[in-house]
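There are structures below to look over.
First chain A sits with chain B, and in the next complex the same chain sits with chain C.
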Partner chain A sequence: MRKYVPKDNVQGKSYYTDRYWVAPRVPRMEVEAGSHFADAVKALGKLVKESYIEIGQLVVHIDPTQNVEVMRILKETCGYTQCSEQSAVDYLAQDGEFELFYQLLNITEAKRVRVHCRIKKGEAIESTTPLFKSSNFAEREMFDMFGIKVNNHPFLKRILMPDDWEGHPLLKTYPMIGDEFASWYEVDKIFGKEYRDVIGPENRDPSRIDRYDTKRFSRVGYEVPFDADISSGEKEQAIEYSETVLVDYTTSSKQLDERR
Partner chain B sequence: MAQHQVNYASAAGLPIALTSVDKLVNWGRSNSLWPLTYGLACCAIEMMASGASRYDFDRMGTIFRASPRQADVMILAGTLSKKHSEFARRLYDQMTEPKWVISMGSCANTGGMFNTYATVQGVDRIIPVDIYLPGCAPRPETLQYALMMLQKKIRRESANMNNNTKNNLRLV
Partner chain C sequence: MQQVNKLTPFFENLNFERDDNTMVINFGPQHPSAHGQLRLVLELDGEQVVKAYPDIGYLHRGIEKMAENMTYNEFLPTTDRLDYIASTANNYAYALAVEKLLGIEAPRRAQVIRTILLELNRVISHLFFIATHALDVGAMSVFLYAFREREFAMDLMEDYCGARLTHSSVRIGGVPLDLPDNWINNMIAFCDKVDYEVEHTYDALLKENRIWKMRLEDVGVISAEEALSWGCTGPMLRGSGVNWDIRKEEPYELYGELNFDIPTSDRCDSYGRYRLYMEEMKQSTRIMRQLVPMYKASEPQLMAHAPQYISAPKEEIMTQNYALMQHFVLVTQGMRPPKGEVYVPTESPKGELGFYIKSEGEPYAYRLKCRAPSFFHTGLLQEILVGTYIADVVTIIGTTNIVFGEVDR
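And now, the complex of A and B:
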């Protein structure tokens, strides 16, 4: 029997990693009392499960069911009027959960807050589109890439991939070069499934050379006519060099005259 | 140099030049190749540079057209994503015969560095290609050379397009 390979994370990994490398952790600091961030945490009150400062940014962990409430307080009370980014991270293999994050910006104070929440696979999240216009596209992208449903979204539709696409490409279970549906997508769509045999599978090897292809590949020293059949072997041809290439034009003009 | 002399023996003593229909038609076709303005990615920048005054495609009779109905050549300049492949094929189908295709750059040839789920791994999977132009991105000189190679190819072909076989026989 073939050995089982776990398919939790089939995306591309680096070829070499140092086994003694320990990724440095970003230090997490307490929220200083009396600071702008302390006011924000105070305004949120019991909605905050955990809060700390990371690289000068406030990070807040909340319950996924209270995301709109938290975002409304941050926007209306604390002045975080921009949602610059919002997406998810796939931790399904590790914890069976998605981590959703909202990156908010307060322009007047030049401060940023990141709101984290975790949802289980198959759970939906409430849309924050009524608060932030940018959430519209960000949530569509999140739906497209992870398959996370967003409740009460005005137009929840794929944004990057085609509408008839199957699968959610940013999931760790989605292979980097695509699944079977992805690899035949354009053929199925344009010509139909029965044309798969005619066109053949994708060539994912960039250095592949067809030994007998005389249309696309030259064979130095073994030149053959264009599109000749060489399955039975080709004859060696002497390589001819031009004799006039090495004429020294700089020192003597005499040779030039002779050529004329 | 070609000698432009009238061969009186073949022309029955008359001061006329004789040629074949193939040569005449191909002379016209090869010297007025009108490509479709169709840039997909960064190769399009080089394609635009080729069309602009410094490299000047116009002097070769190559004038970019904004409609596939008026175009002879499709220069696929850049990465073709799977989402867009349908439309690329439709534009190709909308071009009138005879038509030729130049696949410009690594991405169009093979998918290039985009060995991913969303990129067509070579436009010859959906469109029959005449000239594969390597480079990332190819310089304007290279595109000019590709066009000259295409002209050579056209001059070699028969005026009746039904007699010409494409390299890429999988697609029509």
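And now, the complex of A and C:
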């Protein structure tokens, strides 16, 4: 019997973990009074839900609706003039939420702050492009990879994947080999959907390796005659693909309704 | 409008001339100056760019996805494929991020070797930059000279780790090998060669060259605020007069102990940035020379001693039972860093290369985000290309020094 694999997280997992293993945690330090970081936390005031220092950088947890306000204060009051990076972490399986992070840099003080906020699945976040132009590409990538919609973004469109792609590749539900849609993408695109039957799943991937095929694949160390049947009655198990998780944003879009 | 079906697919080039008399052209992805797989959709009014739209993703391999499906040590060779011009910079940035997460530090000799390799890679990358940039702008001979020197640097890399392009020459917790015999002498000879060539070949050919100056001066002007806002780092930021180098400001490895200058330019244009690359090469050789006595004074240990995370040296594994057991667990299961997150920036030849790692205490990273400098420099193109002429587009792409391995990841 095959081991049960949870479908909400199909990424790499350790095949063995000690029963008594408890992972330690990287130490989190409190913000020292009088330091530069303390001033930043003070400037943010009640907007901060939680703040601590982890490996030399200030981490601030905020409410997702106040992200632009927090970033504005950090930029204009505390001198964090560059947004180095922003993206998300998928916690849908555990909490049904995404954790978004913004990595900010102050070049006069040489300090870095990470702003965290959590949004529920299907919720949108306000764009920070009016403050940091680097958010333009970073938010597009976040949308492409996680399907997180960004409000008031100048040009929210897929950036790395093709425009007609379905699914968001960095979700934990998305397997590394790709989903059903991904496996037929090139066939659909080049020949059309009706050619799926003609080509068949066994030929759609030119780099696929058939372990029972002794015509095209040699077995180093276990040589067998050319084209010999070595399956001994075994049947190859089909690769399991998870279903593409599609979040249909268009159905409940106010803008689109107005246009219609 | 074109009638699109399977037999007559959609060609954007057919939609050549539009009603309002601006022309839409595709620059790349197969353009020789597109530095790989950049596709720029340019809207032109005569020869002037009205709108530019960089389209990326032609080299997307899902490296961040692979990081979630590989143990920490397995993933290291994959980082070679980010910025494939200077692989060691990526290996190092990743290894440093994991080391910070684990809370370990590489031994002294490993640090010296890593710093030498990082600076050697910076020279390789800058030589590649000047070669391709000059070729794009039209100076063919510089390309040949710069590639000759780059070949010597690649030979040095090959002597050290056996690979010329995908080095994987850094491990988490140290380096795998000591420098071979006579490598240091070859390196010093190479430094002499580079110093000589920078002054007598590249500068002699380009620095005061009238054509070169006409093509580069006041082309691709970015103000300091714009550069910061667009997330520019490295020479792109220093070329706008902002004195920011992570090696100096947030020193990692041995950079705190070394004497070197950070060249900046307040010209804000392509020529200023080109000068920075030349000056940085001289600074890199200066750093490499300083590291020679440090190397000779260091103890021969190469990997950090952290039995929970790092395998013991081969000799111990073959003689001691417990070291063998640890090694077996680390190879079959992989190391388990503590829960937590870390963002570690390093100064790669292109700018700030940072790795954000979120660990949940498993042998697989829960999330790995690679902050690639070229990604943000590509985003900048949509603003600085507007208003320039089509001939300058090539210069501006060249000066941003983008490498598509790390743009698309």
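Criterion: the second predicted complex is superposed on the first by the 179 of 260 C-alpha atoms of A that agree within 3 Å, B and C clash if a C-alpha of one lies under 4 Å from a C-alpha of the other, contacts with A are read in each partner's own complex, and residues count from 1 in each chain.
To be clear about the criterion, contacts are C-beta pairs under 8 Å (C-beta built on N, C-alpha and C of every residue); 3 or more make two chains touch, one makes a residue touch a chain.
This one's a predicted model, so the numbers in the text were calculated from it and none came from an experiment.
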Greater residue coverage of chain A in the superposed arrangement, chain B or chain C: C
Which of chain B and chain C A:Met161 touches, first, second, both or neither: both
Which of chain B and chain C A:Met176 touches, first, second, both or neither: both
First, second, both or neither for A:Met29, with chain B first and chain C second: neither
Touching partner for A:Arg204 - first (chain B), second (chain C), both, neither: first
Chain B versus chain C as contact partner of A:Gln57, first or second or both or neither: second
Contacts of A:Glu85 with chain B and chain C, given as first, second, both or neither: second
Partner chain in contact with A:Ala228 - chain B first, chain C second, else both or neither: neither
Contacts of A:Ala93 with chain B and chain C, given as first, second, both or neither: neither
Which superposed partner A:Tyr185 touches (first chain B, second chain C, both, neither): first
Shared contact residues on chain A - chain B and chain C: 160-162, 169, 174, 176, 191
Chain A-facing residues of chain B, complex: 82-83, 85-86, 89, 110-111, 115-118, 120-122, 125-126, 132, 167, 170-171
Contact footprint of chain B on chain A as seen in their complex: 160-162, 169, 174-179, 182-183, 185-187, 189-191, 198-200, 202-204, 206, 215-216
Complex contacts: residues of chain C adjacent to chain A: 6, 56-57, 60, 62, 64-66, 68-71, 100-101, 103, 225-226, 228-231, 233, 242, 244, 249-250, 333-334, 336, 338-343, 345, 352, 354, 356, 358, 360-364, 366-367, 369, 371, 375-376, 378-379, 382-383, 408-409
Touching residues on chain A, where the partner in the complex is chain C: 11-16, 21, 23-26, 28, 54-55, 57, 59, 81-85, 87, 89-90, 101, 103, 107, 110, 112, 114, 132-134, 136-138, 141, 145, 158-162, 169-170, 174, 176, 191-192
